[in-house]
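Below are structures written as C-alpha cells.
One chain, chain A, links the two complexes that follow: it is found with chain B in the first and with chain C in the second.
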Partner chain A sequence: MAIVAQESRLSRVLWPILAWTIAIIFFFPIFWLVFTSFKTDADAVKPEHLIFFTPTLENYINMTENYDYWRFAINSVITSVFATLFALIVGVPCAYAMAFNPTRATKDILMWMLSTKMLPAAAVLYPMTFLTKNFLGIYDTHFLVIVVLCLINLPIVIWMLFTYFKEIPKEIIEAGKMDGVSTWGEIKDILIPLAWGGVASTALLCFIFCWNEAYWTVRLTTTEAATLSKLIEGNRAPEGLFFGRLSAVSAAAVGPIVVLGWFCQKQLVQGLTFGAVK
Partner chain B sequence: MSDRTLPRLLQTPAVLLLLVWMLVPLGMTLFFSFIRYVLNSLRRPEWTSPSIDNWRGFGNYQFVWNNDGFWLAIYNSVFIVTSIVVFTVIFGLAIAILVNRSFPGRGIVRVLLISPFFVMPAVNAVLWINMILDPVLGLQGIAVAGLNEMIDGLRDFPVLGGFFSLWPELSPISFRATQTSAYAVIIMVTWQWTPFAVLIFMTSLQSEDQQQKEAAILDGAGKWSMFRNLTLPHLGRPIAIVVMIQAIFHLSLYAEIEIVSRGNGNKNLPYLIGEFATNNIGAASAAGIFAVILANVIAIFLLRMVGKTLMD
Partner chain C sequence: MRELAERGYLWCIALAFVAFVLVTIGLDYAVLVTAPWVLLALAGIAAVLLIVEARGVALAANRFKWYAIGWVVAAVVAMGLWALAQKDVQAAWPALKSFRKMWNVFEPFALFAAALFVLIAIGILAIGTLDKGMHQPGRLERTFAVNMSAKVAAVPMAFTAIGVFVISTGWTIYHSFTNSKLLPKSQFIGLDQYERLWSTNRWLVSIENLAIYGICMLIFSLVIGFVLAALMDQKIRFESVFRTIFLYPFALSFIVTGLVWQWLLTPEFGVQKIVRDLGFENFTFDPLFNADWVIYGILFAALWQGTGFVMVLMLAGLRGIDQEIWKAARVDGIPMWKTYIFIVIPMMRPVFVTALVIIAAGIIKVYDLVVAQTSGGPGIASEVPAKYVYDLMFGGQNLGQGFAASTMMLVSVLVVLIPWAYLEFGGRKRG
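Take a look at the complex of A and B:
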C-alpha cells in the first residue's frame, strides 16, 4: 500500500504510456508482417504505398498456387500433432512413475534426460543423415520427422509433467491403489483428470516447439515431409521481389501458433526453466 | 516386489528412447572424428566409406584446430551468444519491472510483449532481413531515404539552410554484408528472446516478498537501494537461468544465419559443421565434438542449478 501512496500523479500516467509504447514496439514487426501481407507485391516495395494502399486478399488466395502452402502446412500439422501425441504417450507413464514412486535414481535420470536436450544438433547432423538415408531409408518421411520432434521434446515434456504431477497429493493416488485400481486406471481415471490443465499446457507447448523447429525439419527433409519452416527457409526472396506474397505465407505460418502461445504463456515459464523459476 | 518393478517398467520406454537417440548418433560422430572420411574423393576413393582402416587418430581434431575458419566460427558463436544474452537480460529486466504493476490494459500488454517468442525462427529472419532491415526496400531503407529528403528540403531554407548543409547524406546499412550480418542476427534474436526474459523475470518478481519491501520503505530505503539490495538478489537465480538456457539455445543458431547471409560474416560453429559436412565428414565430426564440449561446459552449470530445486 505504501508504494502506491508514494507514487506521484505524473508517474501514474507516464508508466502505462511507457509500458504500452514498449509493447507496441515489440509487437510492431508482427503487425508489419500481417500489414504487408495485404499489399500486392508491387505495392509492398513502393514507399508511396507504405501506409496507404488498397488492401487485397490476393496473396492469401494465391498462396496455394505460389507456394503450395497447404502441403507444407498439412505436413507441419501431422508431424507436430503426432510428435506431441507420442511424447505424451511415452512421457505420462514415465512422469507418473517418477512423481509417485521416486527412487534414488529418479533425480539423476531427470537430469540426464535434460542433458540430452543440450547436445548440439549440428554435432550429430551427418550421422543422422547417414543413418536415415543410407541405413534405415526413412530420410524425408513423416515418420522420421515425427520421431525426431518427439525425441527432442521428450525431456521437456517429462519435466513439465513431473512438476505438475508432483503437486498432486500422493494420498489420492494411494487411495486408488487401496481400492484395487490398476495402474492404467490410476493414470486414466485419477491422474489425468486431476492434472488435466498441466497435461494440456504441456501438450500445447510441445506442439508449439514442434511447429517452430527449424534445424532437423530443414536438414532431414527435402519435399515429402517438408514443413513450414522448410518452406519459408527455401523462399527467403533475397531481392524483395515478392514481399507481399512472402508476408502472407509467413503470416499464415506463424499466426495460429502465436495465438496458441497466448494461451500458455504462464506454463511457458515452467516448461522452459524446468520448474526452477516459479 | 511389484511396487518397484512397475514404476521402473513405466520409465523404460522413455529412458531407452532417449538413450538410443543420444548414444547412437553421438557414438558415430565420435567414430567418424577419428577416421579419414570424405564423401567425394577421386584421388583417394578408399576414404569415401567409413572404415576403421582409415584411422587418423587426432588428425581431424588437429586439422580443425589449425583451421582459421574454426576459430572465426568460435569467435562468431561466442560474440553472437554473448551479445544476445546481455541485451535480452538488460531489456528483460527493464521491461519486467515496468510491467510488474497494475495499469489499464496490462493483460493486453503482456500478450503483445510475449508474441515475438512464438514466431518461428525462419519467419523471424525473413521478416527482419527483408521487410525491416533491407537497405532499399525495407523500413530501414525507407526511413533513411525519408530523412535524407527532409534534410535536403531544409537546406533550401535561408539562414538555417547553412546549418543543415553541414550534415552529411545518410546512407542505409546493408545488413547482409560481411561486417554487419552478425548484428542482423543479434537484432532479430534479441527481439525474439527478450519476451522470454521478460516472462521469467516477471514470474519471479511476483513471488518477491512484499512485506520485506514494505519494511524497507518504513526504514526509509530509497527506490534504487531497494532494487539493488532486495530485488536484484531475488532475481539472481532467474537471471542465471535465462543466461544459461539462452546460451545453449543460441550456440546452435542456424536458420537465422542461413537466411541472413548464408554464413557470410556470421558463420557460427553449427554452420561451419554443416559446411564441413558437405564433404569432409571427419572434420565435421571433430568440430561437432568441440561443439559438444562447448555446450557441456555451460550445461553443467545449468544442470547443477536446476538440480538444486528439483526435489523440493
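Take a look at the complex of A and C:
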C-alpha cells in the first residue's frame, strides 16, 4: 500500500494492465488443462480445436470407470490428512519447546532439522524401500506413506511453527504457568488460539506438499496405498498420446487441492503476514 | 555448561537410537532380537554403578520417584506390546493371529522403546539421588528435569529425523564403496564407483543441468516474486483475485505442471503453433526439443509453479513494513526504486531467508518435473542427479553407482549448505 503509488497518473493505468497480462500468462496453462480435459483424445492434439470444440465428459467417465479414480483419491485424502495431522502433533510441542524454552543449542537444532530437508531424498530412498519391503513388511501400506510424508514435511512444519510461536510474547505463556496451567493446557488453550492463523497456514502448506509428493509415494506404493500421483504417473504416455484422458486425470488430481486453496488462500496470506516474515 | 549437558542429553538418546538401528540394518536380522537385551543389561550395569556412586542414598526419598515409576510403567506396556508379537503368546491366544502383520511392525519398536524407557527411569532416579543433598535443584536436575515435558516433547522429532534420514544416508554411503549390483552387497571395492561415476557423461550433464537450474531458479524466483509483490502492493484493484491466480500454480503438483508445460511447449500444437497462427510464420519456440535450451524450458515451468508462493511471502513481508518508512523516504526525495533496494529489501531479510529455504529444498529434489516434461530428453540433455540416481537404482539395477551418485549429491549439498547455514542461523547468537 505504498503511498508512492499516487505519484503519477501513468502508473495508475500501467500497473493494472501489467498485472492483468501477467495474470493471464499465469492462468493460461490451467485454463488449457481444464479445457483439454473436456476434449476427446483426437480433438486434444488438433490446434483448430483449441477453443471451439464439442465438450465431452468421456474422459472423466472413462477415468472413474476404468482407472478406479476414487480409490486413488481416497488414498490421497487419507495419507495427506493423517500425515498433516501427525506432523502437527509432533511439530507443535517441538516448536513450543524451542520457542519458549530456548537454549543456546536451539538454533543449532533448528538448523540441523532444516538441513535434513535439504539433503537429497535420493540417498534415503533405496534404503527405505529395502528396509520396508524386506524387514518391516509395511511396504505399500497407508501407514508407511503417512509416516514418510509426515517425516519429510516435519522440518518445514516445525520451522514455520517456530517462527509463528516466537512472535507470541513469552509473558502470556508465563502468566499461564503462574496460574497453574499444565504444559498441555498452555499449548491447547493459550498457544494454539493465539497462533491459529500460523498453525492453519502451516497445516495447509503441509497438506499441499503431501498431496503433491511424488518422488516417495510413487516408489513406496504399488496398489494398496497408491495416491493420485501414482495414477498420473501410470497414465503418462510419450508425447502426443491420450492428452484428453491425461488432462482429465490431472485436473481431477489437482482439483481438490485447488478448491481447498481457493477457500483457504486468505487464511494462508494472513497467516504468513502474522509470523514467518516479520 | 547447562547447554552442553542438554546437548549431550539429546545426543546420547540419539546415539542409542543410532546404535540400535545400525545393528538392525547392518547385521543379521536375528541380532535384532538380542540387541535390546544388551542395552537393557548395559542399563542395569549403569544403574548399579550409579547406586554405588550415590553411596546408598535411600531411593524412597527420591524426588523423582513418580516420574521414574511412570517411565517403568511405560516400559512394561511396551514390553506387553512386544509380547503380543511372540509366537508362544499368539498360540495361547489365537485371536491375535489375525493382526500378525501389525504386531510384527511393532515388535522391534516396542522392544527398543521398553529398553529406552527403563534407561530414562534409571537416569531420573539417579539424578534425583545425586542431587538430593543440595539446597536447591542441582545442575543435573536443572538440565534434565526442569521443563522435562518440553524436552521429552522435542525428542520424537530428533528420533525420527536421525533414525530415518541419518541412518539411511549412512547406509547409502557405506554401500557406495561396494560393488552392489542388483542387491546391496558388502564387498568393498574402494573408490571405483566414484571413478566410474565421474567418467560418465550422463552424470556430468546432470550436474551441469542442476547447477544451471538451481542458480537460475533461485535468482529468478526471488526477483520475479519480489517484483510481482511490489506490483501487488500498489493499491491495485482486485488484489485478491490476482493473488489467487498467482498462487494457483503452486497447488499443482510438479508432475501435472510438467505435463501441462510439455503440451504447451510442443511445437505442433503448443505456444509455437498459436503464435504462428496469429501470423508470425517463422516463429520458432521449441525449447523441449533443443538440447541446448531444454533445461530452460524446465526452468520456465518450475518458475511458473513456484513464483506465486514466493510472491505471497514477499507480499506478506511488504505489508509488515512500517508505512512511516515510505513517508520518510518520500520526504527525503529518495526515488521509489532506491527505497525498495536500499531500505525495504534489507528490512525484509527474514522473508528472503524463508523463501530461500523453501526454494532450495525444491531445487535439490527436482525430479518429477523433468520426468513429466522431457523424461530426460532429448537424448540425455535434461538429466538431473535425482533422476540419475533413481534410474540406476530402480531401472538400471546398478545400485553401487546409484549410491555413489547420491553420496556425491549429499556431499555437494553439505559443502554449500553448512557454511551458509552457520552464517545465517548459528553465528550471531552464539556470542
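The criterion applied here is as follows: the second predicted complex is superposed on the first by the 238 of 278 C-alpha atoms of A that agree within 3 Å, B and C clash if a C-alpha of one lies under 4 Å from a C-alpha of the other, contacts with A are read in each partner's own complex, and residues count from 1 in each chain.
The criterion applied here is as follows: a contact is a pair of C-beta atoms (placed from the backbone, for glycine too) under 8 Å apart; a residue touches a chain by one contact, two chains touch by 3 or more.
Computed from a predicted model, the values in this text were never measured in an experiment.
Of the two partner chains, neither chain B nor chain C is touched by A:Met178.
Legend: residue contacts after superposition of the two complexes on their common chain; A:Arg104 is shown touching chain C, with no touch to chain B. When the two structures are aligned on the shared chain, A:Phe143 is found in touch with chain C, with no touch to chain B. In the overlay built on the shared chain, the residue A:Phe135 is in contact with chain C alone; chain B does not reach it.
By the touch criterion defined above, A:Ile232 reaches both chain B and chain C.
Common to the chain B and chain C interfaces on chain A are residues 1-3, 15-16, 18-19, 22-23, 26-27, 29-30, 32-33, 36, 45, 47, 50, 90-91, 93-94, 96-98, 100-101, 103, 107, 109-111, 113-128, 130-131, 151, 154-155, 158, 183, 208, 211-212, 214-215, 219, 229, 232-233, 236, 240, 243, 246, 250, 253-254, 257-258, 260-262, 265-266, 268-269, 272-273, 276-278.
Here chain C touches chain A in the complex through residues 2-3, 6-7, 10, 24-25, 29, 101, 104-105, 147, 149-151, 153-154, 156-158, 160-161, 164-169, 171-173, 184, 228, 231-237, 240-256, 259-264, 266, 268-269, 273-274, 277, 304, 308, 312-313, 315-317, 319-320, 323, 326-327, 330, 336, 339, 348, 350-351, 354, 357-358, 360-361, 364-365, 367-368, 372, 385-386, 389-390, 393-394, 399, 402-403, 405-407, 409-410, 413, 417-418, 421-422, 424-426, 429-430, going by the rule given at the top. Interface residues of chain A, counted against chain C in their complex, comprise 1-5, 7, 11, 15-16, 18-19, 22-23, 26-27, 29-30, 32-33, 36, 45-47, 50, 90-91, 93-94, 96-98, 100-101, 103-105, 107-128, 130-131, 135-138, 143, 151, 154-156, 158-159, 163, 183-184, 208, 211-215, 219, 229, 232-233, 236, 239-240, 243, 246, 250, 253-254, 257-258, 260-262, 265-266, 268-269, 272-273, 276-278.
Every residue of chain B that touches chain A in the complex is listed here, in rising order: 3-4, 6-8, 10-11, 13-15, 17-18, 21-22, 24-26, 28-29, 32, 95, 98-99, 101, 103-106, 108-123, 125-132, 134, 136-139, 142, 145-146, 176, 191, 194-196, 199-200, 203-204, 207, 213-214, 217-218, 237-238, 241, 245, 248, 251-252, 254-255, 258-259, 269-271, 273-274, 277, 281, 284-285, 288-289, 291-292, 294-296, 298-299, 302-303, 305-307, 309-311. On chain A, the positions that touch chain B within their shared complex are 1-3, 6, 15-16, 18-20, 22-24, 26-27, 29-30, 32-33, 36, 45, 47, 50, 90-91, 93-94, 96-98, 100-103, 107, 109-111, 113-131, 151, 154-155, 158, 183, 208, 211-212, 214-215, 218-219, 228-229, 232-233, 235-238, 240, 243, 246-247, 250, 253-254, 257-258, 260-262, 265-266, 268-269, 272-278.
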